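Here the chain labels run A, B, C and D in written order, and each chain numbers its own residues starting at 1.
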Amino acid sequence: MAIKLTANSYGKSDVRLTKVVREGKTHHLAEYSVNVQLTGDFSLAYLGGDNRKVIATDSIKNTVYVLAKENHFTTPEQFAVLMAEHFPSEYKQVETAKVEIVEARWKRIRVNGDPHEHAFVNGGTELHSCTVYTARGGKTIVHGGVRELQVVKTTNSAWKDFWTDRYRTLKDTNDRIFGTSITANWEYDRSDADFERCTAAIRTAMLEAFASHVSLGVQHTMYEMGRAALAAAPEIKNIEFRLPNKHRIPFNLDPFGLKFENDIYVWTDEPYGDISAFIERE
Amino acid sequence: MAIKLTANSYGKSDVRLTKVVREGKTHHLAEYSVNVQLTGDFSLAYLGGDNRKVIATDSIKNTVYVLAKENHFTTPEQFAVLMAEHFPSEYKQVETAKVEIVEARWKRIRVNGDPHEHAFVNGGTELHSCTVYTARGGKTIVHGGVRELQVVKTTNSAWKDFWTDRYRTLKDTNDRIFGTSITANWEYDRSDADFERCTAAIRTAMLEAFASHVSLGVQHTMYEMGRAALAAAPEIKNIEFRLPNKHRIPFNLDPFGLKFENDIYVWTDEPYGDISAFIERE
Amino acid sequence: MAIKLTANSYGKSDVRLTKVVREGKTHHLAEYSVNVQLTGDFSLAYLGGDNRKVIATDSIKNTVYVLAKENHFTTPEQFAVLMAEHFPSEYKQVETAKVEIVEARWKRIRVNGDPHEHAFVNGGTELHSCTVYTARGGKTIVHGGVRELQVVKTTNSAWKDFWTDRYRTLKDTNDRIFGTSITANWEYDRSDADFERCTAAIRTAMLEAFASHVSLGVQHTMYEMGRAALAAAPEIKNIEFRLPNKHRIPFNLDPFGLKFENDIYVWTDEPYGDISAFIERE
Amino acid sequence: MAIKLTANSYGKSDVRLTKVVREGKTHHLAEYSVNVQLTGDFSLAYLGGDNRKVIATDSIKNTVYVLAKENHFTTPEQFAVLMAEHFPSEYKQVETAKVEIVEARWKRIRVNGDPHEHAFVNGGTELHSCTVYTARGGKTIVHGGVRELQVVKTTNSAWKDFWTDRYRTLKDTNDRIFGTSITANWEYDRSDADFERCTAAIRTAMLEAFASHVSLGVQHTMYEMGRAALAAAPEIKNIEFRLPNKHRIPFNLDPFGLKFENDIYVWTDEPYGDISAFIERE
């Protein structure tokens, strides 16, 4: 039986970095979970246990901390770019590197109304993410993103006129609750964009579009959120969404002699509508 | 072999309620997970499968939605009080009722700077919780609380002069990161307190104390947070904390010829210091 | 405002221990998560940041590994007993110690039908747990237990003749699916029982009772499982259960011209019936 | 600003199906979580809220239960094949369908040594998975798989002779613990293979290879596991692995005057080596 190793990659995942930068009395806090994946000339490790070209995943982990120490950066995208470019530059056996970072959202605690110099409180369930790809001799490609940005609107959301057949039991509705947990990823047109400004602008655009749109469906609003994001951040080429429909089911009050008036619902995690799109500039 | 059923209780857990209240164009959104536990004259169900006195947990679930429909409330505490008092009042076989509610924190999306009428974004990892106990013929006891309120401070936290023996390897430090995920529960002195004001006041007091305290240890700061909470809310009798110490471990930069300057850490979930206290008015 | 510190405790949680014991070529593998909680003369740490009597939680963590190295044990209960007794014996400021251990269930991989000497595969979602309490000058109390032992039976389970009122919508059923995730804790009558034999006997007794019982309700079967466990292990004094009712909801096939024949269900995690009992020898 | 919708898909995820098949007194239990994703002529829903061609995700959910009722199947692969083929066949607007199923592993409870007719206990953390793709006018492609199959071996695992540079701190070792949680996916060469036999054969082959291999690294053993799987199941064309390296870190006993003898470790979840390969027949 002849077999072959068609593809392989390896790296270290969930490397947990805290970096504190002190600017006078003001401290800046960044907490990242970092994943690094490499491809290259590593097949001998699989085929015969010859590890001589393999950079140990422990060494990859060390690299995260050393590069965090030696470099200045203010966004996860900047750090991911320098991490990703490090590997093919440092190791001739590395062909491509992919670095993913997920950042927890900390905001300053307010004391007597003022933001505190060195104390922080979690700023939401949402996570800021980015993914950077490099290939030897190629361009560095930067994606920004957000995960678990939970939103809900209690009206201005319809779902009607969809396909009717044997499998349909849901009735048309002009007024339902629309809740989702936004996962979005967008591609920057260069690797030194103003990531902080863009991320904030895209976040605001998505939230405002979600709130203001008169929705005829998750798909409909998703497209509008994409349009708004592309308008808000000229530096991005495209945006990809995955919006699970976190259903709120009307509770059947009939057996109790009561009337449902868009007021009493069961919130659910599953099953969920699972809707995706990729939207780009023409 | 003679055996006896010494204690028993039952109920329904994780009943997921969404309630929307429309005040003109302004919508108010509450999303709760509700647990109900009952004790009373239910032993025959265990001993012989005689269920005649048992209120089905499905009926308990229905009760959550029906009472949510029929009653006005603006806080989970108010809803938990009326839920808890319902059961011994409605069923002679019920002796005690305990109702726990965990509320997700939604805040209004801002559109052009203004809070939106009906669109919301998740307001943090933290959850607002409450527990209400009633016993037939007794007083209703209300606890408020908060869970998973994640905070971190990057200085003004020491840990030193602790017990030294064979098992100690940790060195004294005058400057470490102090991170925790606050779980706190407090007892109200009556069942109709201004829960919303109290919860906000206690939250602010805890956060400000955490930020401002020059900490000699988790225990030390916990006591100060308790003092601040009791001062901020005269309506509470006591407060109980559980503060896991979410350690940030200095990364050893020595092998790389670099110096740790309170800047590069590994954030960890486990193992964690696990520290509790119960603080009350004298 | 006068306040007091009424109670306090502290320790280290989720200390993750792997111990390998080599008996010739045969390796024995134990993987535990260990929690230690201490009470005693520690109030000065809270009241004024005086840590001189405090054994650092880092030292507690070290103690877990050092005692694991220095002692022979074959069950988590044995290790928890020696851990718990260590603290008041070693430190005059410790009054009580509580040690909880959760053990993952590994079983040997079979190679050509034979159990392998040193390779293991996870033996189920279930976890073996124990909790040991000691107080200075008192007896050591040992609880064994199991968590997340998931079971389901597809017939011989009824739910009927329960309380009928306005809040009831569920119909009587003579044949439903009964699924649960068993959490059970039992108390040994001494601290040097044959824990391994007892745990196995109780597990078998619970599973056989669950399978064989003609159930009139979760409560009914729970009591039978308790009876069987107490009969199987004379060394235990009592047993406490928490059995969430992991409902399988009949799927409504009527709209599709099909008939439900106890065959097509929706499995759910929430809401769940939540049923507990404490059963002891008379 | 001109934008375009380059790609889109939608469906329903985590549809939770329980099916009981009664063969005389013997019951067969299947519990699946089903995801369905469709592509096709759905862009108008995004671009303008025109939902007329959209099969509601609620209808997709209904389809899962109706097809489960109307069809006989004994493996998730068979059910996924008929589900996937249903959509393009039933709806002219559907171009492709992807159906993923994850199956919990139930095994019969033994009573007095015999497998019980209708009572089951969870058979491990591992999940059996499959993914089926269809495209209008194309072949149906079936992948089988396993997730979270946790294994550990306590010896016959080395890690040495890897790349040495500034970022390396890990020493060579001839004897370490090797633990992982196997995720594997394999592609069948036809859509009516004997999935049950193949899955069992691949599972056994992977476990035996893991146990018996004298490992020079995760990569090395992964390739051997792939070779064994391909040898055991002629019906599969290729196999893809992702093996996180669930590190067990030697605990440093030096400060306590004790010696590490491959006996006392810290088990960890993160960071983890994250190693993948795609292996196929030549």
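Here are some notes:
The definition used in the following text is that a residue touches a chain if its C-beta (ideal position, glycine included) is under 8 Å from a C-beta of that chain, and two chains touch if they have at least 3 such contacts.
All of these numbers come straight from a predicted model, not from anything done at the bench.
Two copies of one chain, chain C and chain D, form a contact in which over half of the residue numbers belong to both partners.
Taking the mean Cα position of each chain as its centre, B sits at the greatest distance from chain D. Chain geometry summary: the mean Cα position of chain B and that of chain C are 24 Å apart.
Centroids of chain A and chain C (each the mean of its C-alpha atoms) stand 37 Å apart.
Chain C and chain D have Cα centroids separated by 29 Å. For chain C, the set of residues touching two or more other chains reads 16, 62, 66, 166-167, 169, 255-256. Residue ranges of chain A in contact with chain D, taken from their complex: 1-16, 35, 37, 42, 45-63, 66, 90-91, 159-163, 165-170, 215-220, 222-223, 226-227, 230-231, 238, 244-245, 269-282. Every residue of chain C that touches chain A in the complex is listed here, in rising order: 166-167, 169, 255-256. Partner chain D is touched in their complex by these residues of chain C: 16-22, 27, 29, 31, 62, 65-66, 68-70, 106, 109-112, 116, 118-126, 149-156, 177, 207-208, 210-212, 248, 251, 253, 255-256, 258, 262-268.
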